[in-house]
Amino acid sequence: MSQAHPQTRPHVETVTHAEATPEEPQPYTELGLADDEYARIRSILGRRPTEAELAMYSVMWSEHCSYKSSKVHWRHWKENTTEEMRAKMLAGIGENAGVVDIGDGWAVTFKIESHNHPSYVEPYQGAATGVGGIVRDIIAMGARPLALLDSLRFGAAEATDTKRVLPGVTAGISGYGNCLGLPNIGGEVVFDTTYQGNPLVNAMCVGAMRAEDLHLAHASGTGNKVILFGARTGLDGIGGVSVLASETFTGEESGSGRKKLPSVQVGDPFTEKVLIECCLELFREELVVGIQDLGGAGLSCATSELASAGDGGMRVELDRVPLRAEGMTPAEVLSSESQERMCAVVRPEDLDAFLRVCAKWDVLVTEIGEVTDGERLEITWHGETVVDVPPRSLAHEGPEYHRPIQRPAAQDALQADSPDRLPRPSGATELRETVLRMAASPNLCSRSWVTDQYDRYVRGGTVLAQPADSGMIMVDERTGRGVAAATDCNGRYVKLDPYTGTQLALAEAYRNVATGGATPLAVTNCLNFGSAEDPGVMWQFEQAVRGLAEGCAELGIPVTGGNVSFYNQTGDTAVLPTPVVGVLGVLDDVRRRIPTGIGGEPGETLLLLGETAEEFGGSDWADVVHGHLGGLPPAVDLRREKLLAEVLIAGSRDGMISAAHDLSGGGLAQTLVETVLIGQTGARVVLADDQDPFVQLFSESAGRVLVAVPRTEELRFTELCTARGLPWRRTGVVDPESDALEIQDIATFGLGELREAWESTLPGLYGA
Amino acid sequence: MARVVVDVMPKPEILDPQGQAVAGALPRLGFHGVRDVRQGKHFELDVDDSVDDDTLDKIAEGFLSNPVIEDFVVRRVDQ
Amino acid sequence: MRIGAVTFPGTLDDVDTVRAIERAGAEAVALWHGDADLRGVDAVVLPGGFSYGDYLRAGAIARFAPVMEPVIEAARKGMPVLGICNGFQILCEAGLLPGALVRNHKLRFVCRDQWLRVESTTTAWTTRYEPGAEILVPVKSGEGAYMADERELDALEGEGRVVFRYVEDNPNGSRRDIAGVSDGSGRIVGLMPHPEHATDPLTGPTDDGLGIFLSAMDNVKQGAA
Amino acid sequence: MARVVVDVMPKPEILDPQGQAVAGALPRLGFHGVRDVRQGKHFELDVDDSVDDDTLDKIAEGFLSNPVIEDFVVRRVDQ
């Protein structure tokens, strides 16, 4: 069999050659660049780009890396961040991840990022490498990664493709995250038909460091060395850039051969685990001036961002990069998204020590260049210059679009289609059936099928994890200081009203953090939307950003970073607008956390904090029972959320609350079901006699939490609520002797019956 | 009844961490001269004679492997 | 009293093991996979995790690490050795314990709180428990199904070397619900569940796991006396 | 340089949940007539010509497979 072998050193195009051949046509359209973008590159360079430069601009100016459709909306963050909010922020938007001061000299960094499309194409590896990527972002801040969360969206639960995607995604997160030794402390699993073909996989990582150890991605200091370490660079994840290779190969490889390079990568969690430990030791030994992870856009991104954040230029000898494949071109090396790599800037006198640490951890390390006193990023390939560009033009001066924005014509009709007309259960029997049916519905049932695949114990610092409103981990073992985190978003609410819906996502994540007893501190977000070229989608987007920014201002907590994913759309069908909000909170002593399950104290009273109005727009009841989406989402009152949080935090500090669980999807009924099941303890509940029981049980009014207080604390706690002006109502008692949930005059449910309803759904769909 | 073997391997340009781990460990165990190792999956299927090659290809391509990252080979073997 | 905890590349539960040893009141000694000796410890724990990524088979690569030579030698001379999860897998791969651990029957990693029955209280790691005691500790593994042939299983049962058994629900398809076994001398014990994660009710389901570490301390003290 | 293939399979008496899962899923995907599936590992090694069969057996038996639960077959193939 004769097989053409690629040349080991393919022809490469130098800057000199590009200068000499200004008219040569270039495949910029195939690389996703518009005519005017290509023209701009030519004007920046004063000549046509080389293949390698074209590859760099095309990836760096892609939607994914440049945020070209969303950047103009960032002003909302800025305009809504006060000095006071900024005060606790050690690093914010623009860095790899936001960093906040949590007291006692500790800084915590956290960020959420999407890996949606790869997870559809290859669920296991797509999700796994999504985890790998976000963890490297956290390391690049100089922090030790502490915990993971994952926010997931899938098509209809029973759809055939969901049965492929969900188990694969879950196994990928489990396989990678568990192998890294990071406890998974929370997240979401949500089903909706709009996510069919466009699942969302958003991974969040939280890390901690001493405040003085913060490492920002800077390449300062002429003569400092640029070091690449971690895995070898291969042809995986090159995607579109492989069109550039077609002309440089002979024989069979030319033309079609290289075009089908997979844009999916395979993760190597073991290499990443070792890389984490290696980086932490490098930080401890103070051997790093600047550091950057290699994620999207690979070396193109790392070198241009490091260089443009520093005060000089950078020279890189690209042929030194250790490769995994033969015959790679400079364009391919620069664009490869091979995983588990980092890039560091190191003082020459520290180089030996740096290499020694890498050797200890058996991490491959290569000096690939140095910081110069010029202003250019210059990349050579076997001695010839293939890239010579101003680094800021790649990293920070990409195109910015003011995409057309138009409130969809159908929005009015959608909002007018109120759920009030839907038939409601009448009588005790129908209410009883509805409680069980809701508890078993895919969006409300137990997530154990997913979360039991995640290690929540490793590192021994987890004090709250699923099932809980927020995850909580210890940061300082000596003092017990810890952080809590939650992610939330109800895309149905956002669809009905993007501004309010996004504030509801913020309110829920904020409330979930406070329900554990932690003080909310800062916000990250992952904005998953349809096509940026659809004016209706851009309207949703703009409303969402404004809603989040203004909501954060009202709560007094800053947005420290985030991520945008557009084009989650098949044909004309966009996903539900899904701005996932992550909130981080702090607790000075995690021993005072509030658990989710009742029954921890001998005698407990159940109190419902907040007020219940008749609010069913976008509710789980309308969705499960009627397949209906219309009307307006619940009202949001952030001042009330803040008050509620203050009361919960005070209750936790003074030991007045023995358990708490917030009310969200499915309303009070769902919260009661979960509270008794998690606590494995029965309860007797009495509804108010001045409001329709159906409304009391299933309305999704925001700003509500069910708390259990020891009988001895009841008076003190209710007086506190009254004094602060927080509405509360005595709703029932915990009954440790009983194994039933009794809702007086309506129904009694055995815990076994509830457990069966709540726990059987996902195993029934995806395997017992 | 026929015995069919399907071998599924990571595509050449795709990272194969398992194979690399094996290759890296061999010299430490005192085995030298192994230049490269790739690890994949090996399936042995017992199929009715009615199952044709086309169906086997579909099973291998659509289910036993993910063509985005893996190649496969199907062969019938004598028992 | 010094108890060693070995870190291989990819070991994860070493910090927790060290914490558990210290909670039990012993001095924890960190051992590294490349170490040529055991730094004078009285007992040694191989903690859980994914040594070498668990690539190939769990424990298959780690068992060849340099530190395993002194571990094997010390074990042969009677030093108490405990393998937890990945450590158990390494001990089986190294031939210090019989049998093997394979993929969970449901093919999924499982992390949950699990009831175990202590079937043997005569090993170096279980004397603190009442015979038949039931304890609640986390199990978290993807390749935790214990396998051995029938003859071997019968022998283990006959010699009282099944040390822990899953009760209520077998999480991984282990033969005869076996969660942990010992060698013939009762000084080498391996189990899949994680007693080190059940040493403080704040961060684990119970503190039922502490007895494992306390047992080893009693045992070493008696040996010295 | 020679290409060597090592196939490692679960012993017949050992439960093979992976193979069973595949066999169980095929009818649901509309593929009928597959009576049994077993899943193992497939290794491809590139070895120097100096590596003899005896060494290959040692690698396969002592490292690539666990004799408690697995059988293996080693074969040299033409490239």
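To keep things simple, chains are lettered A, B, C and D as they appear, and every chain counts its residues starting from 1.
Here is the rule we use: a contact is a pair of C-beta atoms (placed from the backbone, for glycine too) under 8 Å apart; a residue touches a chain by one contact, two chains touch by 3 or more.
For each chain, UniProt lists the protein as follows: A = Phosphoribosylformylglycinamidine synthase subunit PurL; B, D = Phosphoribosylformylglycinamidine synthase subunit PurS; C = Phosphoribosylformylglycinamidine synthase subunit PurQ.
Keep in mind it's a predicted model, so treat the numbers as computed, not measured.
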Winner on C-beta contact pairs when A-C is weighed against B-C: A-C
Rounded Å distance, subunit A centre to subunit C centre (Cα mean): 36
Distance from subunit C to subunit B - Cα centre to Cα centre, in angstrom: 34
Intercentroid distance (Cα basis), subunit D paired with subunit B, Å: 9
Chain centre separation in whole Å, for subunit D relative to subunit A (CA means): 39
Shared-contact residues (touching 2 or more other chains) in subunit D: 63-64
Numbers and ranges of subunit A residues touching at least 2 other chains: 268, 270-271
Multi-chain contact residues (two or more partners), subunit C: 52-53, 55-56, 106
Overall pattern in which the protein chains touch one another (line/ring/star/complete/other): other
Sites on subunit C touched by subunit A in the complex: 9-10, 12-13, 15-16, 19, 49-50, 52-55, 106, 108-112, 138, 140, 142, 194, 196-197, 202-204
In the complex with subunit B, residue positions of subunit D that touch it: 1, 7-9, 19, 22, 25-26, 29, 31, 33-48, 50-51, 55, 58-59, 62-64
Contact set on subunit A toward subunit B in their complex: 121-122, 125, 231, 234-236, 261-262, 264-268, 270-271, 324-325, 338-339
Of subunit D, residues touching subunit C in the complex: 10, 13-15, 17-18, 21, 63-64, 66, 68-69
In the complex with subunit B, residue positions of subunit C that touch it: 52-53, 55-56, 61, 64
